[in-house]
Amino acid sequence: MDFSLMQRVFPFFVEAAFVTIEITALALVLGLVAAALAAAAKMSRSAPLRTIGTLYVSLFRGTPCLIQLFVLYFGGPQVGINLEPFAAGVIGLGLNIGAYMAESIRGALVAVDRGQIEAARTIGFSRFQTLRKVVLPQAARLMIRPLGVNTVALLKGSALVSTISVVELTYTAQRFIGSTYKPFEIFGIAALLYMIMVYAVARVVDMLDKRFAIV
Amino acid sequence: MQGLDFSVVAPYVDILLMGTWWTAILTVSAGALSFVGGIIFAVVVLYAPAIVAYPVRLFMWVFMGTPLLLQLFLIYFGLVQIGIDIPALVAGIVGLGLHFAVYNADVLRAGIVAVDFGQTEGARSIGFGKWQTLRYVVIPQAVRNTIPPIGGNMIALLKESAIVSVIGIAELVHSAQLAISETFRPFEFYITAAALYYLLNLVLEAGLRRFERNVEISR
Amino acid sequence: MSMQRPMVEVRGARKSFGAAEVLKGIDLSVDRGQIVAVIGPSGSGKSTLLRSINHLEALDSGEVWLDGMQVNQPLHGQAFERHINKVRQQMGMVFQHFNLFPHLTVLDNITMGPVILKGMSKSEAHALAHGLLSKVGLADKIDAYPSRLSGGQKQRVAIARALAMQPKVMLFDEATSALDPELVDEVNAVMKKLAAEHMTMLIVTHEMRFAGEVADRVLFMDGGVVVEEGPPSEMFRAPQKERTRTFLKKYLSA
């Protein structure tokens, strides 16, 4: 192990880790919005909306995220979409994870006991009131874990944007492996930083899960 | 803007199909490795002495906490550093296989623990040894009960296999890139590649559903 | 003549699930303040009948009326939605599995309806909930979450929740069948209290003794039809129909 090398390159990695955090956070926000819309569309009473929701989810889940990024970033200019690597990365990752999150959200909504809906309806609540006051508060709790798993997958998946030359953690690692020929040391640093982030997200998910547990 | 013209794909159909074929081979071999590896890791973590179990747990912990892409770089370039020059294809299969073995192990470990203790007692009472009980009674049941999540991992593996294009394996993404380097038509070729992945995905899902049904019936 | 108008009336109710016809033309009428118990084997259609009064099941044909207003009006879309929400506010329903909202305290379970649907002030609703909980003997549980309650306590809260809407009729769908035997009495006691106050009630039950004690009239359903009905004294002592006799013999001897 070459510790002086590790010491020398460490600051670059920390900087790169912040890019990874930034891109993950932005993609997460975009993904949640896309997921909420897609879940609503898939569960809507309008057939065209249902089709759109189903198509989005199945196409983005049925193909590799890497290809989606390549279509957007390399193919985009052919159809008039010119994006910076960072923007393409956020949009590509966000739309991809949104499709997975849509299923997490839908699964949680469907998992709420039917009796809950019936009870609210017999009191006289409308569909919307029932959704807002009875179904969503209970589903929110059921969503925390699956959405947490999606977020961890997004964080690790963000490494893919290195292939469209976003200078984040994996790109930085790749560059230093190429220039130093010390893959174990470089991998060690990058792995450490990823693991800190991944297990931090897992902790937050645990806390949220406890916080929203129904006593 | 050049406008789109999917007819540019026609001369490259052979190359793309060859890439698709390699993606399928990659998925099947890495999938098999990940299944066997998953069982081994799960058993080691649960039953091996601490001196073996702890390093494996550490390994699983690291592999679950880091991106596959990074792991591929480590395996491909790391082995070269310690003097082992393996072909990219082998590095790709090993990388994908190990990565998903860790996820399968996680699932299988829970599956093994969930097998009713009465099963173990039943096997031991007729004279099975500890290892025989595991081999013939517990693991088969754990595998059966975890087919859906393991199947989910296989579907993920198919899509994640696109990543090995970065170490130069001539699979589907790589063959699309080859065509793009000659035609400068990324949109058409990546969309075509996406469609081929989607098809492979459908085939794999249908296969898994059928397999699950057969297992269900044979219960 | 409004006093003569039945509180609940069902005319020619028919309902099929796929090929199985569960209600084969049911007529039923419950007067104001009357207590009607519906008994019958499982699969007789008694729960479906009760659920269709609340429009949890839509009838294939036939009419349901509540106090002179048709429940299953031939309206569509949003118009029907608005109509049914209004009608349901006037009916209290109690389920076999309680269906309390687990994310809300006992207090919020009870006050949610009055506050949101009737615009009642929080303090007024709190007082109402407190009064109702005292009535069902659970005033001390007002801040508890449902998961902390026993089955009998849950069901009593569910009754209080239904009563909080000041319903014209209470519908009980096997309210005690999911309870441990020793918890049945506390729920039955609450229902008897309501009976003494002349609450109009329609009770689907498999407890013959309780039906005999509390009901003014008993309906025996089997195979989607009302086989026989009458006051409990006649129904239990001298049933006219063979099917009723067979059913009662099996149940009362058990």
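In order of appearance the chains are A, B and C, and numbering begins at 1 in each one.
As a working rule, a contact is a pair of C-beta atoms (placed from the backbone, for glycine too) under 8 Å apart; a residue touches a chain by one contact, two chains touch by 3 or more.
Being a predicted model, the structure only gives us computed values, none of them experimental.
Visitor: Ignoring subunit B, what connected groups of chains are left?
Guide: Connectivity without subunit B: one piece.
Visitor: In terms of CA centres, which chain lies closest to the overall middle?
Guide: A
Visitor: What chain is the most remote from subunit A, judged by the mean position of CA atoms in each chain?
Guide: C
Visitor: If you average the CA atoms of subunit A and of subunit C, how many Å lie between those two points?
Guide: 46
Visitor: How many angstrom lie between the centres of subunit B and subunit C, each centre taken as the mean Cα position?
Guide: Distance between chain centres: 55 Å.
Visitor: How big is the gap, in whole Å, between where the Cα atoms of subunit A centre and where those of subunit B centre?
Guide: Distance between chain centres, rounded to whole Å: 21 Å.
Visitor: Any idea which subunit A residues touch subunit C in the complex?
Guide: It comes out as residues 113, 115-116, 118-127, 129, 133-134, 137-138, 141, 214-215.
Visitor: Within the complex, which stretch of subunit A touches subunit B?
Guide: Per the stated touch rule, the residues are 59, 62-68, 70-71, 74-80, 156-160, 162-163, 170, 173-174, 177, 181-184, 187, 190-191, 194-195, 198-199.
Visitor: Can you check the complex and tell me which residues of subunit B touch subunit A?
Guide: Against subunit A, the touching part of subunit B is residues 1-4, 61-62, 64-70, 73-74, 77-78, 80-81, 159-163, 165-166, 173, 180, 185-188, 190-191, 193-194, 197-198, 201-202.
Visitor: Once bound in the complex, which stretches of subunit C touch subunit A?
Guide: Contact set of subunit C toward subunit A: 54, 56, 81-82, 85-89, 91-93, 95, 97, 99-104, 112-113, 116-117, 145, 147-148, 158, 161-162, 165.
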